[in-house]
Every structure is written in C-alpha cells, then in structure tokens.
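Once you scroll down, you'll see the structures, which are given as structure tokens.
Below are two complexes that have chain A in common, paired first with chain B and then with chain C.
This part shows the complex of A and B:
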C-alpha cells in the first residue's frame, strides 16, 4: 500500500505492473537525460560571448533537432505499445468476479460455480481496530487466488465510479449500463489497496477497494465458508 | 527518530529531483559510467586541442552517450534474465505438478535407434 509522502509507484504485485514499472524507469531515464541536456544548453547560452545576430539558416542543426526527437519518441513508443497490447490479453481466466460500484460502496459477485456476493463498505474511522488503515480498510475484502488469471467485470449501479488497485496496475471505469472487463494475475499473496477513481458524490473518497490474494486452497475454503453463510 | 531515519533511507537520492539512482535498477551504474565517460572524453579532447569550452561540450556529449549505452546494455541484460527467470519458475512449478505422472519429462522413454535398411 502507499506510505505517507510517497512519490513513486507502489511495489508491483502483478506481472503487468512490473512491466509498467520497468517502462516508467526507461522513460524516466530518457526524461532525465533530456532535462540535463536542456540545462547544459541554457548554461552554455547564458555564458557564451559568441553571438551572431545575422544567421539566416542552419541546415545541420535543423536536421539534428528534427531527427533526434523523432528517434527519442520511437524509443519511448515501442515499449509503450508493447505493454498496451500486453494489458489487453486475457488468457483463459480461472475465475470471474463482478465488481459493482454504488454510492458509496462496492459489491462483489462470484457467480462462476455457486452464486454468492457481498457488499464492501469502508470501515468508519471511529470503528477502526489497531492495525487497520484509515480510509482504506473495508469490512469485506475481495478475495482471489494467487497465480491464477482472474477476470473482473466492472459496472456501476448509479453514477460513474472507477475500480482502481495501483499495485496490480489496474484502473477501469465503472459505467452504469456498461460492462467493462479487465484481467490480472496476482503474483504473491497479500492485501492490496485502492480507492474509487471517478468523482461520484459526497463520499467518493470513502469507498475504497481491498483485494486479498491467498493461495488457491485457502480460497476454496473461503468460498465454501461464504456460500454457507449466504 | 528511528522511523524518520528509515523514511529518509526509503526516500533515496534523486538526481535533478526525479531520478532515484538507489532504487531504479541499472540507474546508479549508468550515471557512474556516464560520469567516468564524460571525464575521460573531456580530458582527452582538452589534452589534444587545449580548447576549454569545447572540451566541456565534448565531455557532456560523452556523458550522454556513455550513460545511454550503459543504461540500455544493462536493461537489455536484465530483461533477458527476467525472461529466463520466468521460464525457470514455470518449469519448477510444472515439475512439481507433473512429478511421477505420465507427463513427467524425466520418465519419457528414450527414442529407439532406427532400424537400418533391410
């Protein structure tokens, strides 16, 4: 999860987010070098005594500062497009979960084998127990198995919402009357936090998303328990 | 004070306020190689021509090229290692799943020698 005054990304918990992190590092290095170049040029321009007010054309430098940015853009675009298409792949998901956005909570439905579902409300600040996170923890987490492709179908009941979990590299709008699909694989067990990412009213900041990834055997036990309780 | 120290360590050192050289793989080595390359090229140009200002320009160009070269070389090698790591992980997982079964590659019968022409 995020920690106070964090600037960078959270640690990746899915292969797609790992790829996004690597791409970000690659692009950041290019941005750093361009910034260094611009700084150096500014310093050189400010301190030079060589000035010519009557230069009319300069073919060589025009060619350089046309081709070089084009090359840089290609270097950034190719990995970007690779990840874009990678994110669209859906490889035979083992489980489908439906996430519905409401004002102001999420509900999750597991309808693959036996039908069960539950609502996921934020734990109010006054009801937090020691160890729980303010504005992030919920009463019922969305539980999924690790190392299994999971498909999430996202929609909304009333207004626009957005289902986002940064450490899994997921953000998908929840649109009333529309089913949006996304898929992911969680690489390691853990609890991953996210927050609603589309303004949806007074309590938009108070409808978090918590994904709990557990080994398959424990997931089967959990889903059996949920079925008995429903 | 301990948590403050830990958070300071976690923040890392960011060049120009953006590039966290401690956390990003290959960044520290790329910048160090770049610094070395820029010193080398700048000094060599100055020794050859005695032009101070132009030596700085050449040194800076050396920094850019060395940093980029070291960065891409390191990142490509890291990417290849990551691919190999994924193959090995899949192989280990499948080995455990298929061990002792018909699909276990260790139990595959060896190919018989083809018989010669009669």
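This part shows the complex of A and C:
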C-alpha cells in the first residue's frame, strides 16, 4: 500500500511491475544526469566574466550534441519497447476472475467451475478494527493464488470506473458493455491495495480494491469455503 | 472429434487464449461463445445428435461473461428479443 510522504513506487508484487520499476530507475537516472549537466552549464554561463564575441560555428560540437541525445533516446526506447512487448505476451491463464464496477463498490466473479461471486465494499471509517487501513480495507477481498497466471476481465455495471492495483502494475478502465482483459502473475503472498481510478460519482474515493494473494493450496481451501458459505 | 472435446473439457481450467481475440477487448469473445453454444445446440438437436461437444462453448462463455450479462441474454432469448441470430 502507499505510505505517507511516499516518493517512489510501491514495492513490486508482479514481474511486470518489477520491470517497470527498474525501467523507471534507469530513465529517471538519465533525466537527473541531463538536468544536472544543464543546470551546471547555466550556472557556469551566468557566473563567468569571460566573453567571446567571435564564435560562429563548430562542426564538432554540433555533431556531438546531435548524436549523443539520439543515442540516449535509443537507450531509453529499447528497454521501453521490450517491456511493452513483454506486457503483450500471449499468456495461458490458469484462472479467470471478473471485476465489475458498480456505484460504489466492486464485485468479483469466479465462474470457471461454479457460478460464484461476491461484493466488495469499503469498510466504513467508523467500523474499522485495529490494524485496518482507512479508505483502503474492504469486507471481502479478491483472493488469487500466487505464481499463477491470472486473467482479469473488467467491466462496469453503470458508469465508468477503473480497476487499479499499483503494486501489480495494473490499471484498466471498467467500461459498461465492454470486457477489458488484463493478466498478471503475483510473485509473492500478500495483500495489495488499489483505488478506483475513474471519477464515478459521490463515493468514487470510497470503493477500493484489495487483492489477497495466497499459495494455491490455500486458495483451493478458500474457494471451497466460500462456495459452501454462499 | 467428440472424444477430443470431452478430453479437453475434463482438463478445462479456464478459457484458453483465443487467437481470434488477441487484444484487450474481449467483449466479442464472450458474445461469440455464448451465441455459438446456442447455435450448436440448435443445430445438433435438429440433427438428432448428442449435444455434448457444445459444452466447450458453454464452459468458455461461463468463464468469460459476467453473470449479469448471461442472465440478461437468457431472459431475452426466452422473450424472443435476443439480438443475435441463433
């Protein structure tokens, strides 16, 4: 989940998010280096008494400051495209979950074997138990097995919503009448939080998403238990 | 043919990748399988043949389509207002 005064990304919980994080580190470093260089040059120009009124052109420096930026851009573009194609790889999911956005809650359906679904409402602030997170925790989490490719199909019942879980690197719009597909693999067990990311009315800020990843064996126990109770 | 489909159904985990719908928008994937199931059922019942092979489409559309969409389409089929051709 996000922390107060957080500057960077949340810890990655999926391989794709790890790649995005490292790519961001790489690109941000280049950006910092260029900005520092430019700032230094500006400071140097502004604080010198030396002048030269007779420089007209210089072929060498023109070549350098054309080729070097082009090279830097290529160094950014190649990893970027690699990740873009990685995210689009054909995957063979083990499980399909549907996430439906409503005003103002999410509902999740697991219908590969039985017609099983449940609603996921935010825990109201006055009902929080000690240790729960305000505006983030929900009554029923979306439970997923770890290390299994999962397909999520996202749609909405009424208005536009958006299903986002930053630590998995996912954000996908929930459009009424449309089924948007995304896929992920959760690398480690844990609880991952997200919030609705498309303005959808009065309680847009109060319909969070919580993904709970547990080992496959426990996932099977959970789904059996949920089926019996529903 | 029917044997292969039965074997596939026994090993069924979830709807597999369908190359006809490789991208983000899977609406048509859900719709096609729903319509294909009922068309398959209608065609095979008309020929007086076992409709077991049609089960594949049913499993796929149940995996992909939201339950509310399926209920709505089932009602429309009963009312005769279903927009697809079956």
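Following the convention adopted for this analysis, the second predicted complex is superposed on the first by the 220 of 230 C-alpha atoms of A that agree within 3 Å, B and C clash if a C-alpha of one lies under 4 Å from a C-alpha of the other, contacts with A are read in each partner's own complex, and residues count from 1 in each chain.
Definition applied: a residue touches a chain if its C-beta (ideal position, glycine included) is under 8 Å from a C-beta of that chain, and two chains touch if they have at least 3 such contacts.
What you see is a predicted model, and the numbers here were worked out from it, not measured in a lab.
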item	value
Room on chain A for both chain B and chain C (clash or fit)	fit
Touched partner set for A:36, first chain B, second chain C, both or neither	first
Which superposed partner A:26 touches (first chain B, second chain C, both, neither)	first
Partner chain(s) touched by A:179 [first = chain B, second = chain C, both, neither]	second
Contacts of A:98 with chain B and chain C, given as first, second, both or neither	second
Partner chain in contact with A:111 - chain B first, chain C second, else both or neither	second
Chain B versus chain C as contact partner of A:157, first or second or both or neither	second
Between chain B and chain C, more extensive residue contact with chain A	C
C-alpha centroid angle, chain C to chain B via chain A, nearest 10°	120
Minimum C-alpha separation between chain B and chain C after superposing on chain A, in Å	19
Partner chain C, residues of chain A touching it in the complex	90-96, 98, 100, 109, 111-112, 115, 117, 151, 153, 155, 157, 172, 177-182
Interfacial residue positions of chain B with respect to chain A in the complex	7, 10, 15-16, 18-20, 23-27, 30, 57, 60, 63-64, 67-68, 71, 75, 79
Chain A-facing residues of chain C, complex	12-17, 22, 24-27, 29-30, 59, 62-68
Complex contacts: residues of chain A adjacent to chain B	3-5, 8, 22, 25-26, 28-29, 31-33, 35-37, 39-40, 44
